[in-house]
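The next part holds the structures, each set out as structure tokens.
First chain A sits with chain B, and in the next complex the same chain sits with chain C.
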Partner chain A sequence: MGMRRYIAKRVGHAALVIYFVATVVFIAVRSIPGDPARLMLGGDAPPEAIEALRQELRLDEPVYIQYFYWMRDILFGDLGESIFNNQPVLDLLIGVAGPTLSIGLVGMAIAFLIAIPAGIVSATRRYQVEDYLATLFSFIGISVPGFFIGILLILVFANRFEFLPAFGYVKPQEGLVTWFSHVILPALAVGVPYGGIIMRMTRSSMLEVLNEDYMRTARSKGLSPRLVLYKHGLQNALIPVVTVSGILFAVLLGGVVSVEIVFGIRGMGRLLINSINRRDFPVIQGGVILISIVFVFMNLLVDLVYTMINPKIKYGGGE
Partner chain B sequence: MIESTDPLLRVRNLRTSFDTDRGVVSAVDGISFDIKPGEVYGVVGESGSGKSVTALSIMGLIDSPGVVEADAIEFRGEDISGYSDAEMRDIRGGNISMVFQDPMNSLNPVMTVGEQIAEVVRHHTPVGESAGFWRELSRKYVTGTDKESDSWQRAVELLDTVGIPDPKERATEYPHQLSGGMRQRVVIAQALAGDPDLIIADEPTTALDVSVEAQILNELLELADEFDVSVLLITHDLAVIRETCDRVAVMYAGELMETSNVQELFNNPQHPYTRGLLQSIPRITDDREWLDVIEGNVPDLINKPEGCPFQQRCNYSFDMCDKPLERHRVSDDHIARCHLHSPEVDTAAHDFDTEATGDRSITSGDSGIIADGNGGDDL
Partner chain C sequence: MSTSLSDIVKTDRARIFGIRTDLIEQFVDTLQQDLKAKVGLVIVSVFILAAIFAPELTPYDPMAQEYGVFQPPTLSGAHPLGTDSYGRDILSRVMYGARISLAVGLGAVLFGGFFGVLIGLLSGYYGGWIDDVLMRAVDVMWAFPWLLIAIMLVAIFGQGFWNVIFAVGFAYIDDFARITRGEVLSVREEEYILAAENVGLSDFEIIFEETFPNTVAPIIVQFTVLVARAMLAESTLSFLGLGVKPTTPTWGAMLGQGRTFLTQAPWISIIPGILIMITVLGINLFGDALRDAFDVKEGDEA
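And now, the complex of A and B:
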């Protein structure tokens, strides 16, 4: 199967996944107790006003009718308008995607840049100081929640050393350095737990590879230890790491929500939480769909990388 | 007995031990042997007898907690036992190369077979292509191996030599795309690529189908002959030894029990252990209902008994067996380490017929203790 057909097939799968996610979210959102019209107008609003709003929002129609209209709108790219402030959901989402993606991607990059070398060192110097240090840090990373790491980072880098901003987000168009200085701390806060897991994965995978027969073969050919490790070992060791990193991307996205709140960043997480509190159905639905699209896309990317580093896997075919 | 040519590999009193939680395991316990140029030398023994550890010890591939000691490991007259890892890297692949047991696992799954051969060519033969760390890494991850380069061309040539059809195409494939027999041919090509003097083949056909086993083995030995390479063939299969080797050493519990040229070992085995091994081979002419097996297990290598390691399983054991073993020359090219061959022991009294099994008798009364350091004496 060629790469193009493979991607087409995967995009088809992705569309199906997103459709299911959208449906589940639609149902879930309407199962939360609480009437958005009443929440918006306040407890002492007259019943007629509430009823008028319900009609305007099409909330008085049966759920399947609402679902039908919603699906139709989505197919035309219309995610609806916010119940809360009547802004188009798409505009709201585009507004918050920048900070969230910045934090997520920078966090992921930092995680890989630190965790993979640390995992390699940890495996090659097993039971030595470097291994114990790397293992300690990875366990701290895995067990301490991202938002708490965020608070610690603020205390150290923003309060104690007044070195980096503790609050807010600046678009990259307004200067890459200021953008990065605002993104680095929240990115670390989401990247550390992610990196902790990646590091453990790299370590155990590398330890396994070090015991493989082909590593001994490589040594028997007179290659230097460095060459044996990086030419013969690294790619094999990364195969399971790549698989897991795609799935773990969900962990990272989950971390972004709380970290945005700690750092006072108007991102996707904050928007979603606020919208849930306001029962702002269209925004919740749109937000979750966007997140699932990003997630599915990331995993597609991971699978493509996987076929690149594992010659046993051909696009779509078996071994 | 020994030709005037110096041995290619001369191993003296090789000891390899592993410090484990349970104690020190003596995997190889003081073995000595010589391999002559052009010779096929067999080492046979049960699993766990230390055959593979011997091979890895010679190659300098024993990792911590393993410790390798030897009075000498001389390769072409030079003692390599004290070589640093960097010095050993020139020997490995370039002078002594290895063929491992399982060709699926001994080839790297994410590298083309061509590159796995070509990198040996670059490291050990003067093709004038850099084999430095960064150059090799960029070949692996960025540029790929240049298909016009001499090392690649040589790899394709070697694939052709080992009998792989359509070698140009095959060179670009990965190990999983080849059959088991083809893979082992790739491993052999890889072992020949550095133009070595000695190939250590560690159970090279054990993981293969019976149908290709003999074929691969014959090809290996023909190529060794063609390339003028000596072979140290490690196997548990006496039939393989009989068909392929010039001389053979019988290994048991980390020690060599008997060495001899092949005909004499099969016709006139002089160690009770060797006799036991030979009797456990099924024969077409067998009228035995059960095979004769050697009862019991290999002794614990942590608390090895004093004296002969085979004494508990030996039908002939007597009061001398817990004394340290000595080398006894049975004939010119035949040595046994067994107290039955001590001059002061009357073998008849122990029911051990020194001329028992063979159809070719040897000149008796020749046995005597051989002094250490007597050049070229094995065990």
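And now, the complex of A and C:
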């Protein structure tokens, strides 16, 4: 398969995923028992308001018409309006995207910076102290929920040493250092579980590559072990890691929601949870869809960037 | 006629509950040599026993409030793990919390496992367009932001034991389908399957009585690993107030509610947090030991 076809296939797959997420959200909201409009507005809402909302959501039309309009609106970036404050859902979400993206991206960067070297060391020094330490770290990483890491970090760095802020978010425009000091703890909280998985993947993928024939051939040609390891080994070992790291954005995002709550950060996750408490369904739906789009897009981006950097990837089967 | 022949086909390896005894022997071997496996087994056993016998073992009613009692853990006192701000005994509450973790963890993975294994068996056995359709669906599911979908499902359908199980369990269908299909493809051409086909066993018998038992090792490993992940997902939902029920003591909910007193009474949050960590760690270690014992490759299951 050529690179162009591979890219087309990846883009098509991403579009398909978003389409299915939108469909799942549509089905879920339509299968609310009883009248969704009444549920959204609460039992004591005036009947006129309920009727108006039914009109707005096209609840009296046949389901396939509702579905058509639903998809059309999403395609044109219209996610409806908040029931709570009547603002367009898209504006609301974009307004709080900054903190979420900051935490997610810094968290991911931390995870990669720690996990990939740790995984390589672990594989090359198998069954030695370094391997056991790295493995212990990764096992703990995959076993702790992000929100608990957040709470521990607050207790240690914010309460005890009063070293870093435990609350809120500051925009990078207001000073990079202040921004970073607010982002680092939540980023660690989402990054550690993610890093744990990435490390394990790197280790097992590296171990597998080290046993491949071409590695042995390269070594027997008299190339230095270092060159063999980084030139031939790492490039190939990282392919499955990169593929999985994209998919694992989901883990990261799930972490971001609860970590935003712990650190009192007004991001997309907190907006989502607040909207759930207010039964503000358009924001819930829109939030799930928009976050999914971001997630699938980043996933795609990682995949494509890696394809460009490393033209030696085999574009096989898509398995 | 067909039963006797299928018996011949099956007797090549002895089984207990459909698991080949050689796998069980391998696991016992690993258990004896591997520290990881021992630690994992101890943690998992304590957790399961605490969950099952919580009503018999707990010193207090987990909901009983004691006015004016708000004390830190004193390992010897009346409340070994302390009380929360309502004077409720934390030890009793975490033991009841273990029941929810265990029940949701197992329930969600059984739900995902049932449908996933079924999809994997059909997809791998029949191949062709059935395989294409099912695997395309599984590919799409793989890329779903599941925790987000679970949050939305619980938000829409309301809190509750079964709702949480389904919301969490959906995410695991694709993992099981992928692994089972891969295994079916690798045993598909084995002699005993071909023999079973020649003997004229029905598709049902071949799939469930001949193929499935031979794909079971990686499925067990996957099951264990996913129980750990389901427990983390449950604790996250509970933490966000979207768990089983607001009044039920669960580890995630206790941790979340304790945040109000984080500076004055950090133990309310820290104790359930540490329990989540240790239990999930134990299950992960146990799962890893199983993986080593059954010689299952760590692959695309993440």
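Operating definition for what follows: the second predicted complex is superposed on the first by the 239 of 319 C-alpha atoms of A that agree within 3 Å, B and C clash if a C-alpha of one lies under 4 Å from a C-alpha of the other, contacts with A are read in each partner's own complex, and residues count from 1 in each chain.
Operating definition for what follows: a residue touches a chain if its C-beta (ideal position, glycine included) is under 8 Å from a C-beta of that chain, and two chains touch if they have at least 3 such contacts.
Predicted model only: the values in this text are computed from it and were never measured.
Enquirer: Given the alignment on chain A, is it a clash or a fit between chain B and chain C?
Expert: By the criteria stated at the top, chain C and chain B fit after superposition, with no clash.
Enquirer: Considering only touches as defined above, state whether A:222 meets chain B (first), chain C (second), both or neither.
Expert: First partner only.
Enquirer: Looking at A:113 after the superposition, I want to know if it touches chain B, chain C, both of them or none. Which is it: first, second, both, neither?
Expert: Neither: A:113 stays clear of chain B and chain C.
Enquirer: Give one of first, second, both or neither to describe whether A:176 is in contact with chain B, with chain C, with both, or with none.
Expert: It touches nothing on chain B or chain C.
Enquirer: Which one hits more chain A residues, chain B or chain C?
Expert: C
Enquirer: Just checking: does A:148 make contact with chain B only, chain C only, both, or neither of them? Give me first, second, both or neither.
Expert: After superposition on chain A, A:148 lies in contact with chain C alone.
Enquirer: Of the partners chain B and chain C, which touch A:8 in the superposed model: first, second, both, neither?
Expert: A:8: touches no partner chain.
Enquirer: One more residue to check, A:272. First (chain B), second (chain C), both or neither?
Expert: Only chain C; A:272 stays clear of chain B.
Enquirer: Could you say whether A:27 touches chain B, chain C, both of them, or neither, answering first, second, both or neither?
Expert: Once the two structures are laid over each other on A, A:27 reaches no partner at all.
Enquirer: Contacts for A:230 in the overlay, against chain B (first) and chain C (second): which applies, first, second, both or neither?
Expert: A:230 sits against chain B, while chain C stays out of touch.
Enquirer: For A:213, is the partner it touches chain B (first), chain C (second), both, or none of the two (neither)?
Expert: In the superposition, A:213 contacts chain B only.
Enquirer: Report the closest approach of chain B and chain C over their C-alpha atoms in the superposed model, as a whole number of Å.
Expert: Between chain B and chain C, the minimum C-alpha distance equals 13 Å.
Enquirer: If I apply the document's touch criterion, which positions on chain A are contacted by chain B in one structure and by chain C in the other?
Expert: 319
Enquirer: Mind listing the chain A positions that touch chain B in their complex?
Expert: So the residues of chain A in touch with chain B come to 212-214, 216-227, 230-232, 235-236, 239, 309-312, 319.
Enquirer: Going by the contact rule set out above, which residues of chain C touch chain A in the complex?
Expert: My answer: residues 139-140, 142-149, 151-153, 155-157, 228, 232-233, 235-236, 239-242, 252, 255-256, 259, 262-263, 266, 269-270, 273, 276-277, 280-281, 284-285, 288, 298, 300, 302.
Enquirer: In the complex, go through chain A and note every residue touching chain C.
Expert: 13-14, 16-17, 20-21, 24-25, 28-29, 32, 139-140, 142-145, 147-148, 151-152, 154-155, 159, 197, 200-201, 204, 240, 244, 247-251, 253-254, 257-258, 261-262, 272-273, 276-277, 281, 284-285, 288, 291-292, 295-296, 299, 318-319
Enquirer: Tell me, which parts of chain B touch chain A in their complex?
Expert: Per the stated touch rule, the residues are 59, 61, 85-86, 88-94, 97-98, 100, 102, 105-111, 119-120, 123-124, 133, 136-137, 140-141, 174, 176, 187, 190, 194.
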